[in-house]
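Lettered A, B, C, D, E and F in written order, each chain numbered from 1.
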Amino acid sequence: MELVLSLGIGILAGSGVWLLLRPRTFQVIIGLALLSYAVNLFIFSTGGLRTGAAAILQAGEAGTLARYADPLPQALVLTAIVIGFATTALLLVVLLATRGLTRTDHVDGREREP
Amino acid sequence: MTGWMDHLIIAPVILPMLAGIAMILVRDRWRGATVLLGLASTVGLVVLAIMLMVLADGPVVRVYRLGDWPALFGIVLVLDRLSALMLLLTSLLGLAAFVFSLARWHRAGPHFHPLFQFQLMGLNGVFLTGDLFNLFVFFEVMLAASYGLALHGSGTARVRAGLHYIVVNLVASLLFLIGVSVIYGIGGTLNMADLANRMRDVAVEDRALLEAGAALLGVAFLIKAAMWPLGFWLPATYAAASAPAAAILSILSKVGIYAVLRVWLLLFGGDTGASAGFGGTWLTIGGLLTIAFGTLAVLATQNLSRFAGASLMISSGTLLAAIGTGQVAVTAGALFYLAGSVLAIGSFFLLIEIVERGREVGADVLAVTREAFGTGEEEEPDEPDEVGIAIPGTVAILGLAFMICALLLAGLPPLSGFLAKFAILAPLLRPSAAGVPAMTWVLMAALILSGLATLIAAVRAGIELFWASPTGRIPRISLLEIVPIGVLLLLCAALTAGAGPVMGYMQATADALYAPQGYLAGVLAAPPAIPPAIPGGR
Amino acid sequence: MSAALLGWSVFLAQLMLVAAMGCAAVRMLRGPRAQDRVLALDTIYVNAMLLLLVFGIRTGSTHYFEAALIIALLGFVATSALAKFLMRGEVIE
Amino acid sequence: MARLIPYPLFALALLALWLLLAGSLTPGTLLLGGALALGGSWALVALPPPEARLHRLGAVPGLLWMVLVEVVRSNHAVAKIILWPGQAGTRRSGFVRIPLDMRSPYGLAALACILTATPGTVWVEYDRAESTVLLHVLDLVDEETWVRTVKDNWERRLMAIFE
Amino acid sequence: MPDALLLLALVILPFAGAVVAGLLPSHARNAAAGLAGAIALVSLGLVWAAYPTVAAGGVLRAEFAWMPTLGLNLVLRVDGFAWLFAGMVTGIGALVVLYARYYMSSDDPVPRFFSFLLAFMGSMTGIVISGNLIQLAFFWELTSLFSFLLIGYWHHLAAARDGARMALTITATGGLALFAGMLVLGHIVGSYDLDVVLAAGDRIREHPLYLVALILVVLGALTKSAQFPFHVWLPHAMAAPTPVSAYLHSATLVKAGIFLLIRLWPVMAGTDAWGWTVGLAGLITLVLGAYIAIFQNDLKGLLAYSTISHLGLITLLLGLKSELALVAAIFHTMNHAAFKASLFMAAGIIDHETGTRDIRRLSGLNRSMPFTARLALVAAAAMAGVPLLNGFISKEMFFAEALSAEVPVSPLLNILPFAALLASAFSVTYSLRFIHGAFFGPDPTDLPRKPHEPATWMRFPVEILVLTCIMVGVLPAATVGPFLDIAARSVLGAATPVYSLAVWHGFNLPLLMSVAALGGGVLLYTFLQRYLRTGQDGPPWIRRLEGQRIFERTMVYVSWRLARVLEQRAGTRRLQPQLRLVLGTAILAGGGAVWLRGFGPGNLPPTPVDPILAMIWVVGAACALGAAWQAKFHRLAALILVGGAGLVVCVTFVWFSAPDLALTQLTVEVVTTVLLLLGLRWLPKRFQSQDGQGRDGQGRRRQAAEVLTRTRRLRDLGIAAGAGTGMAAMAYAVMTRTPPDLLARHFLERAYTEGGGTNAVNVILVDFRGFDTLGEIVVVAAVALATFALLRRFRPAPDSLEVPEHQRDADGAVSHGNAGQPGTDWLLVPAVLTRLLFPVIVLVAIFLLLRGHDLPGGGFSAGMVVAIAIILQYMIGGTDWTEDRLRLRPHLWIGTGLLLAAGTGLAAWPFGLPFLTSYFAYVDLPLIGKVPMASALIFDIGVFALVVGATLLMLVALAHQSVRAHRATPRIAAAVPVRDHAPMPAGDD
Amino acid sequence: MQAAELPLWAAVPVSVLLLLGAGLALVGSVGLLRLRSFYDRIHAPTLGTTLGIGSILLASMLFFSVLQTRLVLHEVLIGIFMVVTTPVTFILLSRAAFYRDQQEGNPEVPALPPRQDAPEP
């Protein structure tokens, strides 16, 4: 299973990086979205992969790792998702502002001379 | 917990946050209230920072257990000398930039004030936290606010530079996350002290991964510190930012340095097992390359703001190179350098905005062109009677401030820049049986040549600004603008005069960084606020 | 007996649902028009939701129900926004 | 009463929703659910949906049963078309414009739900001025048949409930 | 007076005076001059007060801690040599102040002048009485700085600015070299203390780093003393007011280099390397300076080159391996100060009274200013080495040394006497030219002013100095003898040679040389008359070697053009290369770290592959790759494909037991999609250009561009592949290792028992690590505020201002797109359904919020759900409709949310608990039963409120741009085809 | 509790319902892939969104009700939500496609009628 997930992370990261290196702002923002997926999954994976072991305890119980997955990476990913969402929004607005002020959607705010 | 003094450690985070919240709730309905809130917060932060510095200047590391959870599991804030130093620098710069902004900048767009407060909150959080992931969170707080501040006032240049700034820093944040998670995956903890404790016991087969994680973390920090070739975003962003934003942003690059100091020395400092000293050489090499690039940029630029940005890169490079040597005394010197550099560059960013206000656009382009093609012979053939033109007081004051800044940046006497370079170089050249390693010579040359380049560029710019074109409009400045600059520069003078005690503090700071037993013990043995069995609570 | 029966049927159901997702993904990649892709996305959402429900049966846990519920309740917002954009060039007017 | 609970039926539906969500019938759940349902119906006042007058609620189960039957039938028909496209070589799909007598927005919405839920028909456009709805039909044997089906099967029954 | 106080006063007084003078109003000429004079005199008095100690061979010393840990203390130390120099600095300083009072025009901001002058005096004194090497370098750079300010005092003149810049550049460079040299010396000796250093001569000379230290120190000295090839700055420094030239450029600043060479002579001199560097530089400077001086048409220029030459003479003396030469050097330093200062002052008087310094225009001033002429004559004669004047004696000593001294290499020994003779002859020639050119000949014709004698007090300093020249010349042993003796003794100690300060040493070779030089000089002057009358600038043969031009060209080339080229090569301002570098560095850093230690998968056996999840990931990978493929031309497709990939990530979260993540990710997915769609409207339309390869003449260029593009793409593909592989490998390695368990165990154990919730993830978020969450919501708030601020200033590009073509009918009329508006029947059914859905969605959100602590859900996802519910109303009902009905106050939500979260944290304080300490209990309510009351819930409600507010603020602000655009363009716009697509230029990648 | 504990009488209908639902969803998605025009394709996923979902929801309800020995009905909500939300997407989407095709003069859709702006009702 680890192989599948790591390949998936790799492909997401690779696609994201490829887009990140493109010249159009929209490509960059999509690239960052893909890269964030990869990173979130990566953080998530550090706790180990467990199926059917959501860290939802029984009331009154002191949970153990035998029954439940590590909740910490999940909490970290949640924070990362939220922060990623916020920064994506900001990046979008900034790229719109760039586009509005420079009339181009090139990442440098000016078209390159061919 | 016994009294209010115990909460002092977290106050630098709470105070600006509450101020920011209040500002959001007040919104722009009552600007006076917002300003008062901001003033109270920034002044309060200075007072707090001074108190914390007094607290920190002792053998005991102070720990604040958030939520009263044990340090191993919960998040802790840790106050040591380094944190206190950074807090003080931040608060001083914050107060100066805030007062400066009141003259005009804070009206250039909505939400300047809350963003400014969140910026301070983020910075203070970064300097206080003892948890690696919490460090990431506060990096993000700081960055989010800095995005807003860098874009404050909008406009093509700002937005264009802001885009680069944001994209590069988003990538840095992702690298940070990867690094943290690898370290968690291998080290099994997020508490930096605990992590440092476990470094020795990391299995051989796990070290490669751990070091890769640390390397990625390092790249993230070094992007903040604007190390070559990771920092090209810096000059453009800071040049485009409004003056108070640029001033407060200038400490952001020092955050990268701080993070390197803190994390690198904890994880890979002296006694941490097989990985000790990991990457130090690269840090020095990167620092040297950064100095070299900054030097070129300082010379090549025709724009004062970019000049300041390039100086910032030089200072980053200097710090990285010095820290990379892995010597306690050199690090102490680097800390002294850091203090002066923060104050100097901060005030310089404030100053150049005023200076450039009175200039026609393109004057700086003329200057070098004239120098390039005219070499000064054929211009102004008429030399009338040698009677000077009395520069109006404003220009004289600005000129003086400019000169002081230039001296500080170039590391020339009489201000702290010179002593700082000396403080870095002297320990490197301490007599030793092993002789002087080649790296020391390179570093010495880099430090001296970068200073020379800064001087040449600053003189070129200064002559053009203050001497060659006195016909330009005399900038209108308000007291709110010049006083903060003056105070920051006075602080630099104070650093020179009080170099002994200051250096003593830095030495103690560096000693503790390289021998973090006190830090580790302090964090891991932090006592709970209450015994666990109190009804109602835990 | 019932375990084996359920195990196999759950497996086959999941297999079919993943195959369904795959079909939709191909349509999403192929297009040819934007509306085809939006439709494919909507289909993938629905298939994923079904997959989550079957997954719930497989693990015997209701913890994943809310995720399915959210897809059912909010998945359409994304596709509707896409559709509206297709029609009007703007999502919110 | 109407002022206290502006949309009683809707509030009841919300309460049911809450109970289903919570999956319990404890007094606590009921109390909280009731309060929230009340709040929810008040929220609806802010976005006033069109007036609704419901008649003959007794016809609803019958309608639902019919829908179920129709859904099963169309599922079968469409699955056949997809799986064995060669069999229905003569199949023709196309648009049908169906004149409607029903004007109630709720009735129209219900009709849209039913037609959407029935594989083989898609609601494309409603024209209020002409009072027609444009459908796309996968297996358009005969336009007139479709008009009749929609009007007799659905519109009549829905009008009985909503108008 | 205690020594410490005296020494401290000596340094501090001038600086204090400088500050006071700087604060005086700009017309307060007399006050400033009086202040400066008083300070100079007091300082002189202080120096004199030190005489008894010094004369007895003692040393005044005071040490103040500065940076004691680094061996840098403020050490003030006056021995005989320092005393002599201090006397010169303060004494001539006093005279210059008096002179300047009359020289400076009252139109100048004179207080500033005196302020700089005093600061310079302080710095110079600082150098002289430094007892610490670093401190010496410190004051050294200060003299450069203040001399810069003084040279550039008349900064409205280009010459002054250029001269000042050049002087600073060269001397500060030297100063930095000196600083480095001092560091090396400190390294060799182990201390920066001068006394320690002076006692470690052998150690220094034998150290492997001696040569390095020597070169660096000498570089400092030679630049300051204007020695070849660094002499170029001095002539251009003549743009300074003449008192500055008299003070800095004859008596003090340029002598700092000499001072340093003498100071370190006992420990550094005596080696071949020293002789080569110092001696050779001195020799060349001596001859070259004298030669050029002859051909200067500017009085001050002539004096400047003469100064260069005389400094060369002193330097040469110091380069010889002879103690006697050192004594001669000290002696000549004093003599030169006296006659050169007076000559500068005389030149200044001429300039002041006639308005010019051009020898070609000046003539016959003997008649209009006879007294000045006499003074100048005597001083010039001293410079030329005429007997019975001070210059003669030291020059005799020089000749003697030139003939006898030991030099490192024999050829130098052979030419030394001839060079000395030649330079002396030149010196006679230019002295003659100075006097003859200015004071003799016919009456001047075209002077700017009518010349007359200057004010008496202006002449007074010249008189004092000339009197000194004569006194020393006639009675050397009686006048200057004791002073020279204590100075020489303090440097050489026991090695002080026997020397005789007498006017007459009998007929010997030096005397013959003096006579020859005098005769030769006079002859040369006569011979050169014709040439000099042509008035050509610059010396013959080496006229092209104009120092300033070479300097400026070099500076411009090195410090600007070259720097610019290199900076452009080494840096970039474009984003793509930056990202390439960042990612490349990251790959190298991570990969390198692994490479060094060797990569290995973990200890755990891989778990079997679940075919279902594998297939799901085939879909996910296809979506990701498809998005990467489509993002350029089909943005909407890319957006949709990203949605697909996101969904796969969600499913993965569910698969591996993270329902909370799935919930959050789903809601974020939806909002992000809407957000990006909102943005898409403002991006330029872009279609793949269909035209094939180059049809016309541009074909080849296009082809070249395409090759370049392909290369770039290949490189980027490499980086992307590297990043992907690296991430995959790292993920695999981490996943196949035993996962960390310490924190996991802790959190699972205590989530319920101490955190009061069964959803461990939520308990971590709102309690164990609530501080992270607090930071996170501040991030969201800050971003929302930033986007709002930015959107307030949003200006769309002109081409996206028009109403999208989708909204036009066939005849171009714009149709409405909001429910309830005419022509929007197609929205009727969706509107009904979404309105009914609003309370339903909110109810679900509340459900998620309230159960979050125990089951999947929580404030964040609940907040997102509410935001989506509202956005849905915006989408279907339109902005106006929605805002008429729902009064949203995003700022209030944000503020309240943050306040709730922070307040929950603060609520622990009154109980004496740390920030964010949680509280929970079960409250037994009648009828309802046990209800959990956890402070964490309030925290989570804060998160909820903030998320609602922030999300709405961002989305609504973005949505409002459309409304603004619509209001800007009339609803029924003219039918303009909006087909201005921008096809991709070739090589756009 | 685990699936293994389910009695056979419940396991059989659950299995059948699961396979039926998943099969319908698959057929619908195959249709999405195979049918020729957009307007044909838009009908296909409905298989999944109606009977497909219905079967699987029923299976889930049955499964959990038996497993937890209490009535688990919350799956009904998903059914209701699907019924209410799907029309919104489909109406918007089909109308968008229709409109775009009309604008481009696609022969597959009825030509654009000569349109007067409808007077306000």
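Odds and ends about this structure:
The working rule: contacts are C-beta pairs under 8 Å (C-beta built on N, C-alpha and C of every residue); 3 or more make two chains touch, one makes a residue touch a chain.
Bear in mind the structure is a predicted one, so any value in this text is a computation, not a measurement.
Listing every chain that touches subunit D and subunit E alike gives F. Across the two interfaces under comparison, A-C and A-B, the one joined by more C-beta contacts turns out to be A-B. The chain with its Cα centre farthest from the Cα centre of subunit B is D. Chain centres here are Cα means. That of subunit C falls 59 Å from that of subunit E.
A separation of 49 Å divides the Cα centre of subunit B from that of subunit C. For this pair, subunit C with subunit D, the centres built from the Cα atoms lie 22 Å apart.
Each chain gets a centre from the mean of its Cα atoms; for subunit C and subunit F, those two points are 10 Å apart. Shown for subunit B are the residues in touch with two or more other chains, namely 133, 137, 140, 144, 147, 151, 154-155, 159, 163-164, 167, 171, 178, 181-182, 184-185.
The set of subunit D residues that touch two or more partner chains comprises 17, 21, 109, 112-113, 123, 125, 128-129.
Contact of a single residue of subunit C with at least two other chains is seen at positions 14-15, 19, 21-22, 26, 38, 40, 58, 60, 63-64, 69, 73, 75, 80, 84, 86-87.
Chain pairs that touch one another: A-B, A-C, A-E, B-E, C-E, C-F, D-E, D-F, E-F. By the touch rule above, subunit C contacts subunit E in their complex via residues 11, 14-15, 18-19, 21-22, 25-26, 28-29, 31, 34, 37-38, 40-41, 44-45, 48, 51-52, 55, 63-64, 66-67, 69-71, 73-75, 77-78, 80-82, 84-93.
Considering their complex, residues 806, 809-810, 813, 822-823, 826, 829-830, 833-834, 836-837, 840, 876 of subunit E touch subunit F. Contact residues of subunit F toward subunit D in the complex are 24, 27-28, 30-31, 34-35, 37, 39-40, 42-44, 46-47, 49-51, 54, 72-74, 76-77, 83-84, 86-87, 90-91, 94-95, 98, 109-110, 118-119, 121. Those residues of subunit A whose C-beta lies close enough to touch subunit B in the complex are 20, 25, 28, 32, 35-36, 39, 42-43, 46, 72-73, 76, 79-80, 83, 86-87, 90-91, 94-95, 97-98, 101-102, 107-109. Those residues of subunit D lying in contact with subunit E across their complex are 10, 14, 17-18, 21-22, 26-28, 31-32, 36-37, 40-41, 43-44, 46-50, 105-106, 108-109, 112-113, 123, 125-129.
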